[in-house]
Amino acid sequence: MEALTSFSDASLHEIRRDLHAHAEAGWKEFRTTALLAAELEELGYEVHLGANAVDPSERMGVPSDDEVAAARERALNEGTPAAYVERMDDITGAVAIKRFGDGPTIGVRTDIDALERQEAMDDDHRPAREGFASVHPGEMHACGHDAHATIGLGVARTFAQEGFDGTLKLFFQPAEEGGRGGKPMSESGHLDDLDHLLAVHVGLDEPIGTVVSSYDAPLANAKVDVTFSGEPAHAGGEPNAGRNALQAAAAAIGNLYGIARHGDGRTRINVGRVSADNAQNVICEEATMRVEVRGSTHDLNEYMLGRAREVIDGAATMHDVDYGTELYGKTTTFENDESVIERVEAAAEATDAVDEVIRTEFGGSEDASYLIRRVQESGGTATYLGIGASNPSGHHTAYFDIDETAIDIGVDVITEAIRRLNPSSSVD
Amino acid sequence: MEALTSFSDASLHEIRRDLHAHAEAGWKEFRTTALLAAELEELGYEVHLGANAVDPSERMGVPSDDEVAAARERALNEGTPAAYVERMDDITGAVAIKRFGDGPTIGVRTDIDALERQEAMDDDHRPAREGFASVHPGEMHACGHDAHATIGLGVARTFAQEGFDGTLKLFFQPAEEGGRGGKPMSESGHLDDLDHLLAVHVGLDEPIGTVVSSYDAPLANAKVDVTFSGEPAHAGGEPNAGRNALQAAAAAIGNLYGIARHGDGRTRINVGRVSADNAQNVICEEATMRVEVRGSTHDLNEYMLGRAREVIDGAATMHDVDYGTELYGKTTTFENDESVIERVEAAAEATDAVDEVIRTEFGGSEDASYLIRRVQESGGTATYLGIGASNPSGHHTAYFDIDETAIDIGVDVITEAIRRLNPSSSVD
Amino acid sequence: MEALTSFSDASLHEIRRDLHAHAEAGWKEFRTTALLAAELEELGYEVHLGANAVDPSERMGVPSDDEVAAARERALNEGTPAAYVERMDDITGAVAIKRFGDGPTIGVRTDIDALERQEAMDDDHRPAREGFASVHPGEMHACGHDAHATIGLGVARTFAQEGFDGTLKLFFQPAEEGGRGGKPMSESGHLDDLDHLLAVHVGLDEPIGTVVSSYDAPLANAKVDVTFSGEPAHAGGEPNAGRNALQAAAAAIGNLYGIARHGDGRTRINVGRVSADNAQNVICEEATMRVEVRGSTHDLNEYMLGRAREVIDGAATMHDVDYGTELYGKTTTFENDESVIERVEAAAEATDAVDEVIRTEFGGSEDASYLIRRVQESGGTATYLGIGASNPSGHHTAYFDIDETAIDIGVDVITEAIRRLNPSSSVD
Amino acid sequence: MEALTSFSDASLHEIRRDLHAHAEAGWKEFRTTALLAAELEELGYEVHLGANAVDPSERMGVPSDDEVAAARERALNEGTPAAYVERMDDITGAVAIKRFGDGPTIGVRTDIDALERQEAMDDDHRPAREGFASVHPGEMHACGHDAHATIGLGVARTFAQEGFDGTLKLFFQPAEEGGRGGKPMSESGHLDDLDHLLAVHVGLDEPIGTVVSSYDAPLANAKVDVTFSGEPAHAGGEPNAGRNALQAAAAAIGNLYGIARHGDGRTRINVGRVSADNAQNVICEEATMRVEVRGSTHDLNEYMLGRAREVIDGAATMHDVDYGTELYGKTTTFENDESVIERVEAAAEATDAVDEVIRTEFGGSEDASYLIRRVQESGGTATYLGIGASNPSGHHTAYFDIDETAIDIGVDVITEAIRRLNPSSSVD
């Protein structure tokens, strides 16, 4: 499908498909950010980009400079407006603000990044069949963030037209996958004066017509990249001369899974990726791995993270190798506020296309947690809500897709909830 | 450098540089085999190719069909004579035979494959500086097999011109790296009637002018590819639903290195490569590794291989995963025969360019071992000889190169040794 | 303190101290069983002993024949009535039954075994100070079962005197520690016709005056003894000749702790004891370990047990050793019945010495679970209740003791609850 | 058998049987040392005991004070002369010196300790059958040191009677098993002026009549005791609160065996003993293990020891536990001197009962290495010689015994060799 160069004349469904077709993974969302920013400014919003939208020093899991540069060039080659790319200064994500009246300041958080995975390209998959599958090999909107960004824009359009008695702040958060962008956006300063925050997710394996007014209690999560560095040696001639990074990694893996369960609640540990690559006759001088820990509370997650660091440190000592760790991403826990949940429920019940309103819990993790906590710590309230989308295949799979009606429902429920969060509202 | 399409008018030094520039890794030596075969037939040798040169059922570590096909197409695109490629039937390597007289049947074994590694491309490296570095990314003659093949051809040319009282058999062995081609060539049937065999290696960190009349006692070696196959699962939601291939691999690695040392002599174990690749939040469903064992005798190598298989089997059981193993390559041990060594020494001493003759031992492994053993088991005698080449950098490194005079010395010493192995020779 | 040879003229407090002083660990309770049986028969109860009290084929974690014989001889030497010891036929534990009227059949389960640990012998510990610390080195009533048995006898005395409209069954269960005696007693057949069952525990770190009407939701538990058997060898001369049982044990331990957490709830794994004993220069031919798994449901416990067996099997395969496993003990989960809980609460509130009635959950495991489940499966109801005893030191520690008033409260609450469980009771 | 209280009137064979019957393990040889010392002083030798015989600060693997005291009391109870025990000041071992003439100073080293193992007590074992099996449970002369000490005394008796032109020094070394006493005796100062040293071993699986003139090239060896110390915790309630010493030990064991083999020669690693002892439901707070490393050179042994320390350190870090290590024993390598070997060979050939003289190599380790090296470093020469004894069962086994003729052969060969080491000797 032909890439849009502006969203001005496009419908929300067209925009969602355009974003789907040009999926950009975390910290590579140049085109997505720029096109959203251009449209938002056109709608009258004040748009903050780059270091004005996320705190650069808090960014985690940022790809190499070369990868970021390649993503930027790709976006420009696809017709992305260069002025916006320039303003971003290689930092994706946007915050859009507009004061419509004296009432409360209300935020809407939508994430915008794609996953690093290949989309299915056969006719069983509607995006492929109808020509809007991702043209970027190895990048795919397999978690619905294309719809999220579109919903955020839909809310912007609605209020640009209708107004409301308050200030609207739209957070288009980058790099949610892996929990890399939530913390830096939460430190941007833009959250601190919010009275209320709504975050939204589509899909959740719920049917279209179902709204989740409170989707909470995720596991806190941390992801750490580890590199063990030793010395190579000929495995036949003088194996002793090596410092075996792979032995260290194997010892670490074996013992990471063995970190003691915790009496206070759920904990998790996983090593998702390991790589060491030499000929068979060379003692491995480098081994990398990607580790993830979780806990049902912040403290349990910190317990796992602390113990994991000890295991990694000990494994390196054991095999006389050096190591480095880098935090790839991190999320925390949150609980939604009853008062906001109830407004969402009222809004959902008032929406024609909604036939069921439920509350559920997260199985996984979310870095909206940092934004929600920031708002709550500053005295505001929040909920994370879900919009059923009859997704035909699970999140993160190659065949993930949504019923696009979910976008309309999302915009309607959120705009209605925002109106109802206004104390001067007559529709409580 | 422009690829030759025939070796007829080329000098040995030119041929070596042409082979160096078009390095082909194991089981991909289509161009090398074809050009050598064409020239050998032109010289009057009977050339056996494909299944007539190596026993297909004994081949180890053969790349995938796609990789082999790509190598074949590359060779054709570089102007390799198609008729020879066709005769090979996707099996590289060649045996060339010519009967010159009634005397003994004498073999010369040279290997022809390159390594899977990138060649240095800067001016510190003569092949790069003088324009004959490998044009095949990731493939490089870093072990001197380009010189070996050239020496074999040089011997063929010398006797085609001068003749001698006996039969000459030239073995251009594929896939020596990893020990994959020696066994299948040893089973070709062409070794069984040899009276004597000479195998040759250049370099060995010896200076030009030094000849090693006996280079023996290598470690026996076996390389095994292992794949553990489990089930993926979400590491946060239901880690129990996974069958963790990476945990199995880590347990295997930890315990492979712990296989008991042996009272009878040297043993070795190494895992050179491991790969498992998932997102951090997915229990690994597949992990692969490349294992190598060695022993200073065949039995010690078998002890290590047998114990390694037990460890791998147990690791899979532990973590309830399936596994498969494939023998990637294998070598055995050998000892050279004193009678042949002495003829080589006499020949070397009779060669002007030679100023020192020594005997040394292997640090590593060699699949010429299978050819040498085959000859010895059939009643013949053999030696593995070395030609110093003042190599500026170690074998298998990106800067490996040779003093090309070694090619001339190699041809001279081997042809002279062959003459002296003839009992009717007057030059003993 | 001088050992009693009959309980006839002793007060409950004297009996508790006598039992405390002659602590007998699991399956060694010869004296305890015999003295209780003699007294119960004197009170008019029909007493079942040996195979009539527990199903011998279901017994777990039974000490060796030599150890059992030594315990039997010790009991006889301490003046235990030989006739009762003979009737036991080396199987400890007793069931006492008396029909007082036509009303319901109600059971009381108390356990009678001591722990295998040394009691504190200094004056900070009242049993030592006042002369009733255990005279059996390495055996101690550190979990209050001396009080439990006494409470059971107290209930028997009360009803022998007062009667009630129903049948009373008293279960004096052996070998609760480790979860070894509950299953075999539950299979005795005596549980199947119970209308209600009350099980009791003292202490629980609650103050005297507190009664726990429902103490439930324990973790299911299984304990397994493992022996790895290999071959010894001289570690210097021919380490290869060994089959290293210790390496197998170490691999097992490392990987047991690494069994994946379960998405459905709490799981636990521990290795409490390991032993391998050779000179430093001998490859270990035998290693033993004691493993424990738990789960918050029966299925989770079975998941852990099944996975633990796979890990052990794989570890043995890895190191080419044999192994055997033996189930040392096992418990399951249970939930108390609301109707019985409420009767206990009413009874407790009616007891002067009780000032607080609460409900709590188990942190650990209990093999009363099998008796409770058996009753519930047969259509009866049950609760596991607790009697606060202001224990000065935690359960299983060397300084564990109780406020003996808890015995009186226990008898009072249980007898009152039994009366209230009688539908013809006027005190509901 | 009745214990001797003096060796004065006893034959060598009687003395050997008396020592055999009262086997004393390393650093417990109170009776052995005292009776030898008394007899040596009676023969006119100057006897050094306690800190005058071994350097106390260099002692390794010394039992606890309680164990040493118990051994001392046992010796006294067996009638050992108290004056000698007092002079020893709890340090076993003796050096006896006598100057007979102006010639060279020649040393004879014999070790005196027993093994910590139970002797066979059935009639298949001659010491049991004939009534001189060890009366000390768990201690046995299973390596022939009873014969060694006797040979040393025999040499003393011979020269006391016959004299020779030189000075004789007899080293009765304690605690050879485990390599604990050689180093401290080598630092006593008594070795430094030796011209020649003869050390002797009986058995070696050689038949009676065979003498080994040079028994050398042992593996260097180090033994280390390791204790991991963590924190206990209830494995069900709060496993996280523990610091698991057993997990640390298991990780250490797994990785100790995986220390890389060395290109320069033989290395060895073993863990002979592990102990952790808790109930199944307690996270282990303490685990101990006994580790041994070896190398065919001093440097290789140090390589193993250094790497083992890193593995242990890393294992402790991994599981957040503390640890301590203590060197239990240590030996080094040595080579015998040709000149001394030849004198021994001449002496053996001159001995009637000798029918074969050979040279062999050690499979194991010996702490005579320190004495031999000390002599060689001071300019002297040495050999370690062996006396075949037709031992019916291997060294260190419960059925080890010797043909006692070996004692006579030992005395004869050594005294004759000493005479021949005298340059003024006429019997060269």
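In order of appearance the chains are A, B, C and D, and numbering begins at 1 in each one.
The working rule: a residue touches a chain if its C-beta (ideal position, glycine included) is under 8 Å from a C-beta of that chain, and two chains touch if they have at least 3 such contacts.
The structure displayed is predicted, hence computed values, not measured ones.
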**Prompt:** Pick the pair with more C-beta contacts: A-D or C-D?
**Reply:** C-D
**Prompt:** What is the chain whose Cα centroid lies farthest from the Cα centroid of chain A?
**Reply:** D
**Prompt:** From the C-alpha centre of chain C to that of chain D, how far is it in Å?
**Reply:** 50
**Prompt:** What whole-Å value do you get for the distance between chain A and chain D if each is reduced to the mean of its CA atoms?
**Reply:** 69
**Asked** For chain A, which residues are shared contacts with two or more other chains?
**Response** 237, 239, 244, 247, 251, 254-255, 257-258, 260-261, 268-269, 283
**chain D-touching residues of chain B, taken from the complex the two chains share** = 254-261, 266-269
**Prompt:** Which residues of chain D touch chain A in the complex?
**Reply:** 237-242, 244, 247, 251, 254-255, 258, 260-264, 283, 303, 307, 310-311, 313-320
**Asked** What part of chain A is in contact with chain B in the complex they form?
**Response** 116, 178, 219, 221, 223, 234-237, 239, 244, 246-247, 249-251, 253-254, 257, 268-284, 287, 290-292, 294, 328, 363-365, 396
